[in-house]
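Got a structure for you, written out below as structure tokens; questions coming shortly.
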Amino acid sequence: MKKNSKSNLSRRKLMKSIAAVGSISAMPGFVNYSQASSSAPIRIGFQVHRTGIGAAYGRWYDRTTQAAVKIINDSGGINGRPIEIISEDDGTDPKRGAEALEKFANQHNCDVAFGTLFSHVVIGSAPRAGELKLPYFVVSEGHHVASGMLNRYTLQPGITDVKSQVQAMAPFVKNNLGKKVTMVYPDFAFGHDHRDYFSAAFESQGGEIIAKVPIPPTESSFSKYFPKIPRDTEVLYHVMVGPAVLTFVKELGEFYGSKGPKLFGFIDSVEAVDLNTPGLEFLDGSYFWEGNPRYAQDNQTVHDQFYRTAVGVDKNGASVSDPKDVSTYAHMFGCWETLHIIKKGMEVSGYSDVKDRSKLIEAVESMKNMPLSQAHPQGAKIFNGKTHQTFGHQYISKMTNGKLVLAHTTSIEDTFYPDEVDYTKQSF
Amino acid sequence: MELGPYLLFASLEGLVHAAVLSLIALGLSLVFGVMRIVNVAHGEFFMLGAIITWWVSSFVSGNPAIGFLLALLVVPIIVGMTAVLSDWLILRHLKYDPEATIIATIGILYIIQQFALMTFGPDAKPVEQPFNIRLDLYWFGFSAYKFFVIFSAIILLLAIWLVMSKTKFGLILRATQLDSETAQAFGIPISRVYNIVFGLGAAIAAVGAILIVPIQQAHYLMGGEPLLLAFIVVIIGGLGSLKGTVAAAILIGMSDGIISVFFSPNIAKILATLLVVVVLIIKPNGLFGTTKT
Amino acid sequence: MDILNDELLYTENLSKNFQGITAVDKVNFKINKNEIRALIGPNGAGKTTFVSLLCGRIRASKGKVFFNGSDISNLPVYKRISSGIGYTFQITAIFSNLTVYENVALSIKNRRDKEKRSIIFEVLNKVGLLDRVSQRSGDLSYGHQRLLELAMGMAQRPKLLILDEPTQGLSDLEIENFKKLIKDFSKTMTVLLIEHNMDVVMSIADKITVLHFGKIISEGDKHSIQSDPLVQKAYLGDQC
Amino acid sequence: MRKDIILHLSALLILFLLEILGIFSEYHQGNFARILVLAAYGVGYNILFGYTGLLSLGHALFFSAGLYASGLSIYHLDYNIEQSLFLGICISALISLIIGFLALRTIGVSFMIVTLMFSQIAYLSILYFGSITRGDEGFVIQQSSRVFLSMDLSNPKIRYYSALLIFSLCMLINLWIAKSPFGRVLVAIRENSDRALMLGYNVKLYKLFSIIISGTISGLAGACYGILFGYVGASFAAVSYSIFPLLWVLIGGAGTVLGPLIGAIFMFYLIDYASDITDAYMIIVGVALLFVTLFARRGIIGELRFRYYKWIS
């Protein structure tokens, strides 16, 4: 992809010269100039975790993005113009992230920027986006957008945030699994969001968090934390991220075998991990939050089917070319949906070039209902233009015979919380 | 969990940790002891050992034990040769000047790490355990493989001790460590010895990596943490002292587990780091002392 | 203290132990103003350790050092130096990336620029390095580097200048020149000289102290030292 | 002497002209604003490493001390820019005093490890006190807070001039030190600390001053980085941010006034271009480190000074 961005550059030069030729030969009978100009590609800067701890996510974000772009371009692009993706590695590092946005805006003349998952990269990059007046569509699931921390140029229309996800889980956990919960989470901002929002929601449901076990982000071995889980724990709520997740679940299995408390985990703990890895058998019967069900369900929608095929994911959630290469299915749909939202926003606002960026943002802000469709294969969503955050269905699956089977779908309303910001009041 | 079983569990986990740590630290300590240089790239040799183990075992289908044994045979040699090469190409030319060597090994660190990223990609690579048996110890379960790790490390440490104390090669190393100039005067080929020691240090770390990958996974960024811990061990244990290093590794490995019984793990890490600072400040010329005169 | 007394420096039971080995053993040493004193002794006798104790590079295990009438045993090095002790190293120790001028300038503290310049030129003139004043000192020949060190010691204007094996590695001609310089120095300062070259010792020292296994075994003028059987034994024992 | 001052002032003038004549494209303008602040950090590092000869592997601690002190005071206490900058400078000076006092009890390799460990402790503490520091995620300093004397610091032009101002200030301090008797003593300590001691200098005190100056300049750079670029995060306290200034200084020339700037520009664009070719762009850092240690120990400016222009500071 990297090399593409180079050749893209030269292609852009080529385009310019074609346009120049066009203007000279703008006479009756020839393809007219305005048409040639308007078919110049829409340039979308794609900030991607190719290296650093987010790399597994980055790879699949990339594949999903390429697939979505192909679908959109094959069906006529945006306002008749093709999308061109300019990718830049952010190294899962905030400073690099901000520099990538700078490149998009000033070096590659991108129309908008998009991508990236890890919150610190988003938070490090967003101020730059605001300053560069570059619309920045993130697919991060962090609560940073709706919390009001960022700015009018940063939006998260394609994926529900962690606050919504977590609070929507609370009723299910309490009603189906147990009232005494111990939480195991990474000891940094992402884990703290889980800790704070889940315990608030769960306690308001009448449940009790009996222990909280934070695990340092640099940890590569986890067993020593498990004895901190009290014996009377009914439900173990676990969420872990980073390259060591497989070690985490394996050691959890070694420790408890089949005797432990009921498990409720965020799929992050096993994202991109093959669930048939030896040592993970103990997960059978446990529950997972999934942003989007990894395994094709019996009642799979045609849209999921279409999306799955387009990205190249088989019915088990792995790459069609390599069954060991498991996707980050629970998150990556956000890229697909966000690109479709950009397309729609540009079409509604009649976007033609960078001076229309604020019109594009206003167009997206005025969106509300996003029904289940090919553009939204994960499910229907309601977008809140004031907080720049989308809200959608959440899925809870049960591990059954080595596969995740959908057990419960939350309503969109379960994910609502009061607005914490109104970005539309900020000026451009 | 009740305190008794909890402490038992923490001790067992601590022993696994200590076993691998003592191998990594021993490699570092050997290099420092004999060559008087700090090898910042040591953690990357460990990482390389882990990733190549994954690579080697991915060639072997069927019983994972075969891949594991193959790795034990091949990986230390590959990693050792890489280290020998970097000594021969780089460090030798710096005349082992302490500061230049540190800067150069930081360079080697990035090169090996990024080479692993380019070649093997950014994902964590799982290696299957040679045998997958869970022992149920009533209060908690424990993997039989982890006992195997402890056991193998002990055997290996004994072997290294025998080599160091009973063979001529060991004698040469000890002589060089004591006084390299005199050793040279007695006809010991110092540059060859340095070359071999640098390779050997890396190879020992690689063995530690082979033992640990079936428990953790191979990842191109995995070298940083063990490097810091190995530093801590080497500083606390005293230089070039096999016994000291092993004792410190057990202390650090166990305490990391046991401190985290009582304190937040993050605090445990902060405390361990602080301990090293205190040791170094109280004995400024002691363990790592290089006085310029 | 007796003010009329012309002792510049003396020690009381000065001792130093290194991990059980006694390098300097209860030494009572005395040096008078404007004297040239040589400190000799076989290799490993503790000469460098002893002078290091005097200027504070090494902390004494026991005993006291008095300088110019006051107890300096607990002063840090830089204060001892400021109170008037100069020291030149056994191995060449100059700032080789700085010029000759800068090297000497660093030895002069708390003086005005003009005064400083004149001192620098004066001492460089004396040692014969005036024509190399702006040369990088690392580029000087070995002999010239030793002279530069001497110039640095001189520019400090110490009351006591300790020279640790200053003639090591010099040619005969350079040594002759050096002897003249030391004689010249002693008009304005006291010199304590550690020296192996007996010719140098015998021709310029007013008094000689012999150290062996950390103890003073003999002290006196050159004739009494040459005829002292203990000294002969110490040296012969060392060389055979 | 005069040639030397003219050279350094004209370097600053060029940086000024590049902007005022509009020679920069927007992209390079943004990059240079970043580089100038980072180069100021490099200047701070150079005082300790290049002039005094103390190799610290923990300068990220000082950089992040300034970054967090000023950032947190804006974020939690609504300080304005002046106040937060002042606080950033004070805190980093205080921290350098404490760290200097403790770390200077060691020398050589121990000093490197102790500084490394101190900065590791700082890094872990930032993560540990996540409720205040927002942990690894960090926080944003809002555009509305980044106003100094009614100038919007996020405006590219103003940001560039601010960065240039900060860098000029640090560079001129460095030049002044290089020319002063104080600087001579630092160099003497670097060349041969034993000899400097035996000339009667209180070597430890000079070293301590050097750490304080170095740490405070690094902290100033950190505070400015947060204020100018609007983000404060734990990654700035990680080991790699201790290695970068070492690298810039080595490449540009340790103990030269312009070295950190040249080194920072060189490395920034080298990484920038390399990242178009490979994801493993950090390999460039490794190769560069090896190159300078093996073949160019003096760095670019250092080599020029050694070979041709002996008058360069």
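When the chains are written out, they are named A, B, C and D in that same order, and each has its own residue count from 1.
Convention: a contact is a pair of C-beta atoms (placed from the backbone, for glycine too) under 8 Å apart; a residue touches a chain by one contact, two chains touch by 3 or more.
Remember, it's a predicted structure, so these values are computed and weren't measured experimentally.
Asks: Can you tell me which chain is nearest the middle of the complex, judged by mean CA position?
Replies: Central chain: D.
Asks: Count the C-beta pairs in contact for C-D and for A-B, then report the pair with the higher count.
Replies: A-B
Asks: So what's the Cα centroid distance for chain B and chain C, whole Å?
Replies: 49
Asks: Can you check how far apart chain C and chain D are, centre to centre, with Cα atoms defining each centre and the answer in Å?
Replies: Comparing mean C-alpha positions, chain D is 43 Å from chain C.
Asks: Distance between chain A and chain B based on Cα centroids, please, to the nearest Å.
Replies: 38
Asks: In whole angstrom, what separates the CA-based centres of chain A and chain C?
Replies: Centres of chain A and chain C (C-alpha means) sit 75 Å apart.
Asks: When you check chain D against every other chain, which residues touch at least two of them?
Replies: In chain D, the residues touching two or more other chains are 124, 127-128, 194, 278-281.
Asks: Out of chain A, which residues touch more than one other chain, so two or more?
Replies: 50-51, 187, 216
Asks: Treating touching as the only link between chains, describe the layout with one word: line, ring, star, complete or other.
Replies: other
Asks: Quick one: which bits of chain A touch chain D in the complex? Just the residue numbers, please.
Replies: Chain A reaches chain D through residues 2-3, 5-6, 50-51, 88-89, 93-95, 98-99, 102-103, 105-107, 119-120, 123-124, 126-128, 130-131, 142, 144, 149-151, 187-190, 192, 216-217.
Asks: Touching residues of chain B toward chain A in the complex: what are they?
Replies: Answer in residue numbers: 1, 5-6, 9-10, 13-14, 17, 117, 121-124, 126, 128-129, 132, 134, 136, 140-143, 215-217, 219, 221-222, 224-225, 256-257, 260-261, 264-266, 269.
Asks: Residue numbers of chain B touching chain D in their complex, please.
Replies: 38, 90, 93-94, 98-100, 102-104, 106-111, 113-115, 117-118, 122, 224, 228, 231, 235, 264, 266-267, 269-270, 273-274, 276-277, 280-281, 284-285, 287-293
Asks: What part of chain C is in contact with chain D in the complex they form?
Replies: Result: residues 55, 57, 76-78, 81-82, 87-89, 93-98, 102, 105-107, 109, 152, 156 of chain C touch chain D.
Asks: Would you pull the chain D residues touching chain A in the complex into a rising list?
Replies: Listed in rising order, the residues are 25-27, 30-31, 34, 124, 127-128, 130-131, 134-143, 154, 156, 229-231, 233-236, 272, 275-281.
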